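Next come the structures, one after another.
Next come two complexes built around chain A: one with chain B, the other with chain C.
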Partner chain A sequence: MPGWLDDFLWTYQNLVHALGINGLLALSMYVVLAVGQLSLGQAAFMGLGAYSSAIMTLKFKLPFLLVLPASCIAPALFALAIGAPTLRLSGVYLAIATIGLGEVLRAVYINVDWLGGALGLSGIPDSAEFWMIYGLLGVAVVALWLVGRSGIGRAMEAIREDETAAQVLGINLARYRLGALLTSAVLAGLAGALGAHSSSFIGPNEYGFEPAVTILSFALLGGSGTPLGPVLGAWILTLLPELLRGFSDLRLVFNGLIIVLVVLFLPAGLLGVRMRRRAA
Partner chain B sequence: MTALLQTQGLTRRYAGLIAVDGVDMAVQAGSVHALIGPNGAGKTTLFNLISGLEIPSSGTVRLRGQDLTALPADRRTALGLARTFQNVRVFAAMTVLENVLTGLHPCRAAGLAATILRTPRFRREERALVERARAALDMVGLAARAGERAGGLSYGDQRRLEIARAMVPEPAVVLLDEPAAGMNPAETETLAGLVRRIRDLGTTVLLVEHDMGFVMDISDTVTVLNFGRLIFSGAPAAARQAPEVLEAYLGHKVAARLAARVQRP
Partner chain C sequence: MISKFNYGLLRSQEKVVGSRGLLAPGGSRAEPWWGAGQRPAGLPSPAVGGYSGAMLAQQLVNGVLLGASYALFALGFTLMFGVLRVINLTYGFYFSAGAFVALFLTRDAGFGIWAALPLAAAAAGVIAVVLDWLLLARLRRQGAPELASLMVTLGGVLALYSAATAVLGPDIRRLPPGLVAGAPFEFFGLRVSTPQLLVLVASFVLVGALIWLLHGTRLGLAIRAMAEKPDAAGLMGIDTGRTAALVSFVSGCLAGAGGVLIGLNFNAIQPYMGESMMLRGFVVVIVGGLGDIRGALIAGLALGVVEVLTAGYVSSGLKEAVAFAILVAVLWTRPSGLFGRPTLRRA
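So, the complex of A and B:
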C-alpha cells in the first residue's frame, strides 16, 4: 500500500470503515426490497452478527478470520426461524413484525448479563481491516449485480411488480423471499461483526429502531433498482454528518429533510434506474 | 378417453355465497374449450381454482389424471398449466422480451452459483431462452417491439404479450381469461387466428369470453355456468338452442317464447 494511502486510512479510519460497513447494510436492505418485501429487521440481524462475533472474540478468544465468517450463522438461523411465519406478511405488516423482533432481541441483550446487559460489551479488539470490509463489499456488489441481471433477477423483479402474475408463471414466492431474507441476514451479520471489531464497543441500543430506519433510508435515498443505489445512499448519509460537523445538533434534521425531499421529488432514488439485462 | 384437464365436484364457498358449485368439467386434449355464462356465474373463480390461486372448498382438479388440488400455483405451471388474466397483468417496467423470458422461469436450470460465475452452461441456457422468447413474440406479432417497455404497449398488444408469456413454456393447457375484451373486430379476428394456431401447436385452450361471435367461431366445446353451476356442456351449435342456456342468458319468459317459436313448424 502506498504511504499516502496508509496515512489517509489511518487518519480517517473510523469514517472509512463506517462507509464500507454501511454499504454492506445498504445491500442487506436492497436484497429484501428487490423481492418487494419491506423488512425492518436489518438492524436486528446486524446486532446478532455483532453480539455473536464479540462473544466469540471476547469469551472464546477465537481468531477474527474465523469469527467473521461464523458471525453470519446466528443471523442466518434467526432469518430461517422468522422466515416461515413472517413471509406470509407483506408491506407494512412485515415491517411492524420485524421491528418487533428487533425490540425483542434488544430486551434480551439488556437483560442477559453474560451479553453485557445494558452496559454492552467493551474491549473488543480492533481487528476489522480495510481489505476485509471493502473486499466483502466488492464481492457482494458484484454478486448481487450478476444475480440481478440474470433470470433470478428477472424473477425477483416479477415478484416485486405483481406477485400473483409471478406465481402463475411458475415462480416460487416463498423460496425467493426466504432466499432474500437469508442473504440479507448474512450481509447484515457480517456488517455487524465488522462494526463491532472496528469500534471496540457494542451496546443494545445500537441495533434498535433508529438504525433500522437509517438503513432503510440508505435504500430510499440511493434508489433500490440496482445494488449501487443503496450503497451510494449509505455513503451520502454517512459522509453528510462529517461534512456538517459544525451543525451536529441538526444532523437528524438534515437526514430527515433529505429523505422527505427524495421521497417527494425523486421517488425512485438518486440512482433511479432499473437493472439492464442483456437482450441478446 | 380421459380428459386432459378435469374438475370433479369443484366447489368454492364464500361466506353466504357459493361461487362455484360442484362443477364437473372435462377439457379434451387438442380442443378449444370455451367457458361462458352471465356475469358473476363463477367463470373467473373456476379459473382461479384450476390455476391454484384459490383453494377449493371441495372437489378436485386433475391434469393428465394427476391430482393438482393440493399444489400451489407455481407447481401447477411447472406441470403444464398456464394462464392469462382478465385485467392484463404484464410487468410494466420490464421490456417486452423480459416479460416473455419471465414466462420461461420454470425452464431455467442454472442455479445461483452458475449464475454468479456465468458458467458456459449458464450462457448457453440464457441464449436458448432468449431465442425461445423471440419465437413466442414472433407468434403473437410483437417481435419488432421486443426491446420496448411493456407498459408502453397498447391494451391489445399487452393482451397479446400476456399470451406470448403464457405460451412460451409450451404448456399443455392454457387458460385465457377474456382474451378478446376491449379489442376491436379486426383485433378479435387476429386473435381467433392466434387461438387456432395455439391449438395447432399442441396446446389445449380453455377460455372465458363474452364475445359470442368469437366463441361460436373458434370453440370445439362450450361449457355454460350459471350461479356457479354447470348447466350445459357440448357443441357450440347445441348450446345456442339448449333451453337452460337461453334461460340463463335471457330469463325464463323470453326463453319460453323462443322455444315455442322453434317448435312451431
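So, the complex of A and C:
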C-alpha cells in the first residue's frame, strides 16, 4: 500500500470503515425492498451480529476470521422466526413485526448482565480490516448484481411489481421473500460484526428505532433499482453529517424528511436506473 | 420492579461513546419512561407483602388498569387502519403531542385537568388531520401501495420525534403536582390510585363514545361504509376525503387523550413516549386483529395484565420481550388475530 494511502486510512479510519459498513447495511435493506417487502429490523439484525460476534471474541476468545462468518447465525435465526409466519401475509405484517424487534432486544441487552447490561461491551479488539469491509461490500454488490440479472432477479422484480401476477406465473412468493430476508439478515449481521470490531465498544442503544429508519433512508435515497443505488445513498448520508457538523442535532430530522420527500416525489431514488437484462 | 441501573451512569456513558460517525448515535434520548421502573403513584411495593394472594390480586387490578390505557391507545390505531387501510406510524406522535399540550396547558396556562384533557385531545386530533393531509392524502389519491404510505409515515415520525427532542429536550417532565387530588381508594384491600381510576373511567367513556359514533350516527355509517369499500362509498355520495379527515381527527383525539392520561398516571412526559407506546399498540392490534375494535379492547386489557405480571414476578426489564414474544406467537398461529376470521385478507 502506498504511503499516502496508509496515512489517509489512518486519519480517517473511522469514517472509511463507517462508509463500508453502512454500504453493507444499505444493501441488506435493498434485498428486502427488492421483493416488495419492508423490514424495519435491519438495525436489530446488525445488533445481533455485533453482540454475538463480540461475545464470541471476548468470552470465547475465538479468532476473528471464525467469528465473522459465525456472526450471521443469530440474525438469520431471528429473521427465520419472524419472517416465516409474516411473509405469507400482506406486506405490513413484516414491517409491524420487525419494527419492535430493535427496541425489544435493547431491553434484553440492558437487563442481561452477561451481555454487558446498560454499559455495553467494551475492549473489543480492532480486528476489522479495510480489506475485509470493502472486500465484503464488493462481493455483495457483484453477487446481488448477478442475481438481479438472472432469472431469480426477474422473479423478484415480478413479485415487487405485481404479487398476484407473479403467483399466477408460478413463482413461490414465500420462498423468495424468506430467501431475501435471510440474505438481508446475514448482510446486516456481518455489518454488525465488522462495526463492533472496528469501534472497540458496543452498547444497547445503538441498534434501536432510529438506526433502523436511517438504514431505510440510505436505500430509498439511492434508489433500489440496482445494488449501486443503496450504496450511493449510504455514502451520501454518512458523509453529509461530517460536512455539516453544526447541525448534528437535526441529522435525524433530515433523514426522516429525506424518506418523506423521496417517497412522495422521487419514488425511484437518485440512481433511478433499472438493471439491464438480456431479452428472455 | 426496581431498575437495575442508574440513569446518570447510562447517560454519561452515552456521551462518551455518543458520536461514532456510524449511523445514529442512539444516545440522543432518555430511557423510555417505563424502562426506568416508573410505577403509578400510590401503589404498594410488591416487595412488601411477599408473593401472596393479595399481591396477585393487586397485580391483576393494576394490570387491568394499565391495560385500559393500552386499549384506549390501540383503539384509534386500529380504527385508522380499519378505515384508511394505512399503518400510520405517526400515530405515536399524537400520543406524545397530547401529553405535551396538556403539560403546557396545566403548567404554564393554569388550566385544570378537566379543561386540559379535551383541549389536548382536540389539539392532537388537529395534528393528526394536518399530518394525514401532508403525508398521506397524495398517496391515497394515487392509489399508491400500502408500503409507500408506511414508509412515508415512518420518515415523518422520525423527523417529528427528533425535531421535538431538539426543541423540547429529551428530559422527562412532570405535570404540576396536585392536578388530580385525593388519596388512593381502597376496595376490599385493593388499592387504586386516583389517576388510575381516571384512566379507567376515561377509557370507558371514550370507548363508549366511539362505539356510539360508529354505530349510532350517520357519520358512523359513512365511516363503516368507507371501511368496507371506499370506492363504493364514494359512489353512494359519501365525501371520502372529509370522512378520512374525520377518522384521522377521531384517532388523533384518542391517542392524545391516551397520552394525557398515561402521562398523568406515570407522571413522566417526554417526546419519545409515543414510540414506546407504539410497541404496545402493535402487539394489541395484531393480537386483537388488525382493524378489529372489539379485539383491540380485549387484547389491550390482556396485555396490561401480562406486562404487570411479568414485571411483578419475572423482571420489569423483560416485559417488552414478553409482549413481543406474544406478538410473534400470534403471528405464527393466528395471524388474523385471536378473534379474527380464519380467512386472510391477502394484499
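As a working rule, the second predicted complex is superposed on the first by the 256 of 280 C-alpha atoms of A that agree within 3 Å, B and C clash if a C-alpha of one lies under 4 Å from a C-alpha of the other, contacts with A are read in each partner's own complex, and residues count from 1 in each chain.
Everything below uses one rule, namely that a residue touches a chain if its C-beta (ideal position, glycine included) is under 8 Å from a C-beta of that chain, and two chains touch if they have at least 3 such contacts.
Note that this is a predicted model, so its numbers are computed, not measured.
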* Given the touch rule stated above, what does A:108 touch, chain B (first), chain C (second), both, or neither? -> second
* Asked: According to the contact criterion defined above, which of chain B and chain C contacts more residues of chain A?
  -> C
* Asked: Touch check for A:96: first (chain B), second (chain C), both, or neither?
  -> second
* Asked: Once the shared chain is lined up, is A:158 touching chain B (first), chain C (second), both, or neither of them?
  -> first
* Would you check which partner chain A:150 touches, where first means chain B only, second means chain C only, and both and neither mean what they say? => first
* A:166 contacts which: chain B (first), chain C (second), both, neither? -> first
* Touching A:81 in the superposition: chain B (first), chain C (second), both, neither? -> second
* To do: Please indicate which partner A:123 is in contact with in the superposed arrangement: first for chain B, second for chain C, both, or neither.
  => neither
* Structure fact -> In their shared complex, chain C is touched by residues of chain A numbered 14-15, 17-18, 21-22, 25, 36-38, 40, 43, 81-82, 84-86, 88-93, 95-97, 99-101, 103-104, 107-108, 110-111, 117-120, 163, 195, 199, 201, 203, 205-211, 213-217, 220, 238, 241-242, 248-260, 263-264, 267
* Any idea which chain C residues touch chain A in the complex? -> 4-5, 9-10, 13-14, 17, 19-28, 32, 35, 87, 89, 135, 138-139, 145-148, 150-152, 154-163, 166, 275-276, 278-279, 282-283, 286, 290, 315, 317-321, 323-324, 327-328, 331-332, 335, 344-347
* To do: Give every residue of chain B touching chain A within the complex, in rising order.
  => 51-53, 72-74, 77-78, 82-83, 85, 89-95, 97-98, 101-106, 108, 110, 112, 115-116, 118, 122, 126-127, 129-130, 146-147, 165-166, 169
* Can you list the chain A residues touching chain B in their complex? -> 143, 146-147, 150-152, 154-155, 157-158, 161-162, 164-173, 274, 277-280
